[in-house]
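Two complexes, one shared chain (chain A), two partners (chain B, chain C).
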Partner chain A sequence: MTYLRVVWQAFRLQAELARRGPQHLLMLLVTPMQTASLLALTLHSHRPDALVNAVIAPGMIGLWVAALDYAGRVVPEDQWAGRFTPMVAAPVPLTVVVVGRVAAVVLVGAVAFAESWLTAAVGFGRVLTVAEPGVFAAAVLATCLAAVGTAMLLSGVIALSRARDVLQNSLSYPFYILGGVVFPITVLPAWVRPFSRVVFLSWSAQLLRDAAHGTVRHWAVSLAVILALGAAALAGGMWLTRRVVDGARRKGTVGFA
Partner chain B sequence: MEAAVSASALRRTYERKRKDAVVALDDLTLSIARNEIHGLLGPNGAGKTTLVKILSTVLLPTAGTARVLGHDVVAETRTVRTLVGLVLGGDRGLYDRLSARRNLLFWGALYKLDARTVRRRADALLERVGLAERADDPVERFSRGMRQRLHLARGLLHEPQVLFLDEPTSGLDPVAAVAFRRLVLELRDEGRTFLLATHDMDEATALCDRVSLIDRGRLLLTDDTASIGRILGDRECVDFVHDDGTHAEALALLPEVTDVERLDDRWRVHTADRDGSRRVLAWLVERDVLTARHAQPTLEEVYLRTVGDRGMRV
Partner chain C sequence: MRDVLRIVWQAVILGFAEMRRVYTWKTWTFGWLMRLLCQVTFYALLGSYLGDPHLMRYVLVGNTVGLACLESTIVVISLAGERAMGTLPLLAIAPAGHLPVYLGRGLQWTTTGLISSMVGWTVLPPLLGVPLPWPRAAYAIPVIVLVVISSYGYGCALAGVALRLRGVEWLVLNVAYGIVLTFGGTNVPLSFWPAPLRAVLEFLPLVHGLQAVRGILDGAPVGHVFGLIGIEALVGAGWYLVAWLSMDRLVSVGRRTGTLDYAG
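And then the complex of A and B:
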């Protein structure tokens, strides 16, 4: 219960930081433009069946940007701002704090789904209808949870990295492609597809498209895989965050950025 | 009675690529009694912050042991963290966009305090450090002194028995520094133990029961602050202010005077014993030098003579 309370306090802290710091919400300004670009391509190529791609993709990109750019900065920003030292000196493990904060970051990113749908409906008069709304909602929820786990992993990787900016800049497009975010992974070369299957986005994108089209098969399996990949990433992220703290205590870099 | 803080043969080195390791603490042994305010003095790079970080479990020692209230800082990290408070100096370390109260609510959760307790203690501490009226203002609008008081409030949230203060008044104006020191003395009266790492000799003299001087990671001396002048020998001195050196030259010829030196703003006459000081004082008063006073070496002089002329070197 104590740790849950810490997660909740960390979540609230991050939500308040986002509310008071406009830079935390910048990604939401980009989403309508991404939706507009993809919709324009869809309409121009007379592919109404691709409407679902144009609406879902910006939502998933929003989640990924939140996990990569914003959640990835949680630990380094505390280091730069001198908060890392008192945080390490506290009895609650840093991992618990980071879980709460990245969860809030990802929730902000999830708003991109609604934004994208609204942009298509209000801006283009194209309402995405979902054939299986229950599965679709469950897929969005599972995707958000998996994104929290992945954000935790990315946060740990970025905190350990010496080239944080380079890493953050180079981890977006490869995952949009591997995750089948903009187009289904079936159009990728066969040798790439096995790599796609360990990226939760590929399962999420497929399930969301199938739910929209009403062509879902084995939805429970897909949901389980999404959640399992998210849980594995969460476990990896927590382990890496512990390594960040242990390494800093050992090397004497707790007070350094 | 068991010491509040003890360190035994504590050593910390920092490894460097293709260079010799830097020794930040070198077999340092130190003991701080309960309810003591202990000053830790030394130049930049002496090892003060390294010691504070090891004692607050933020840094692991390379060798040796350290205990806080009987608990080993390495083996019983979690327990030690609930017993100690860490207060760092400077502008950083807080969530600037959030209010003072919101900061405290968050930091309180990290010490496993329930929401009601944190709220109650946060309100009480904000009142105590004089920030109650600004409790809901963003910290980014706070002066350095106000931030420093908020740092102290954060360090006290979980009611620690031992507090480590690292340069807590650096950059504060004199009024804020005095208020901060008064607060520390009040907290000591409540039974808390303090380790105060500082450069400020006036602060150490005003607050500390005992001081330790360290340099290059080694403990040079530990003594009572009030009588630390003895370190330089039982020398008697008389200080006086005079514009020219005529009196100084005359005094130097007196048999009871062993030395006369020019300090920044005054002359210092060293005598062999107390009778000699008495005669020098009378000699000066006869010549209308009413600024003369009996003096003993200050903590600052002890520091300068012990640490030596390091200048800017670290």
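And then the complex of A and C:
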């Protein structure tokens, strides 16, 4: 079985699991409210130029929530549900399976982009148009790939951590600020900005906003950085997942919930 | 009354014991509290980017008081947890009756909600360069306590939904506080929203309390502020009534049909 087929099967498994849990709808319910909140503030302050920020941000947040809340729980939930043992015993590496499942979760997160666009159009009568659709589409695709890599990293960190709930509850808004998902990172103090540059969200958000406004410069560089950050996170995540499996095998705790 | 107070005290002890399972004081402070402060900062920075320091302060105040509402509604999760563990019947047969026990089940969140809100109230405005007018800002603190109390009633009422439907507690919680924080005047005045929506918003917690807080900060007439406080208290009382009726019915139907111990 090729690894690609394993990824696809894992993708399908995650889709089936998500279909049975109403909690997976959460992100899709929260996105319209988040869009309404950001759009209201933008329109109330008479800043039509920032409309793009308010519509794109919930999509970015949706991806992050998918990576943090759902993908982060993939391995721990397998342990609770007793799926971890057969997964570890399977002839294919668990890391490949987790990549497929994380990708399924992130794809659902990407729906938030469409949802926020719809909320703006239907709820507020503001139809967001994109000046450079080609760059925009490439940026969304690169952002989704980077989100898969980041989700993989978060999944590994959360699986290894003894404070899983704390991590999942805490790593949202700090990253929305660092990632400049709704305002440019120039709003942040100068000493914070270098930290922003290692968060893929900051590159993605800026590229998406620029593509919508038609003010893109050096889009290839931005895309390359987004993909590189995603790839680095993916490599880190795969390494951590392997550590989880190796550690569980060595200590004889594979069957522990 | 003494018995009820004892139950409340025991509920607080239980609630904090439950919290300690997840958080240490360090992880709570540098994880959860920091996240909440970042949430307020996120919106405040957006206000600053979109407008001026005046808008930034408006958003900062709204979201800081909003924390009190957000945390208080987490009672939804605590009560749904009893359902999942199958311990609802044990609480229902308590000699003091099920209501004080059920309604006390998430009291720890009111304490942490108040602490989070107070830390935000005192730390964030000077840190973000939009200081509040003290000592007037201190007069708003009892109103924030009232917001905590009314929001807790709202959370208890909505917990009734989470107790009846399987696996929806996180949906209920996020939609519950999401609606209040989106439409309840935290970022934009209520007048921004269409009139039919405004009519519904009158029945949400936080809405009038937050207006009272803003009134205090802006030096509004005392009578006006007390009027808003009165409405917030009435709204809160209404939600407690809904919670009471909902849980009473849950237990009576559960006893009749033998479904109270179904682990949702």
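What to note about this one:
Here is the rule we go by: the second predicted complex is superposed on the first by the 256 of 257 C-alpha atoms of A that agree within 3 Å, B and C clash if a C-alpha of one lies under 4 Å from a C-alpha of the other, contacts with A are read in each partner's own complex, and residues count from 1 in each chain.
Everything below uses one rule, namely that a contact is a pair of C-beta atoms (placed from the backbone, for glycine too) under 8 Å apart; a residue touches a chain by one contact, two chains touch by 3 or more.
Nothing here was measured: the structure is a model prediction, and the numbers come from that model.
In the superposition on chain A, A:Phe183 contacts chain C only, with no contact to chain B. Of the two partner chains placed by the overlay, only chain B lies in contact with A:Val6; chain C stays clear of it. Of the two partner chains placed by the overlay, neither chain B nor chain C lies in contact with A:Trp117. Once the two complexes are overlaid on the shared chain, A:Glu16 sits against chain B while remaining clear of chain C. When the two complexes are superposed, the chain touching more residues of chain A, out of chain B and chain C, is C.
Within the superposed three-chain model, A:Phe200 lies out of touch with both chain B and chain C [touch as defined at top].
Once the two complexes are overlaid on the shared chain, A:Tyr70 sits clear of chain B and of chain C alike.
By the touch criterion stated above, A:Ala89 is placed in contact with chain B alone, chain C being left untouched. Taken together, the two complexes place residues 21 of chain A in contact with chain B and also with chain C.
Residue ranges of chain B in contact with chain A, taken from their complex: 12, 14-15, 24, 49-50, 53, 56-60, 78, 81-82, 84, 86, 88, 90, 92-98, 102, 105-107, 109-112, 114-115, 138, 154. The part of chain C that touches chain A in the complex is made up of residues 22-23, 27-28, 31-32, 34-36, 38-39, 41-43, 45-51, 55, 59, 166-168, 170-171, 174-175, 178-179, 181-183, 187-189, 192-193. By the touch criterion given at the top, residues 2, 5-6, 9-10, 12-13, 16-17, 20-21, 81-83, 85-92, 97, 249-252, 254-255 of chain A touch chain B in their complex.
Residue ranges of chain A in contact with chain C, taken from their complex: 21-23, 25-26, 29-30, 33-34, 36-38, 40-45, 47, 50, 163, 165-167, 169-174, 176-177, 182-184, 187-188.
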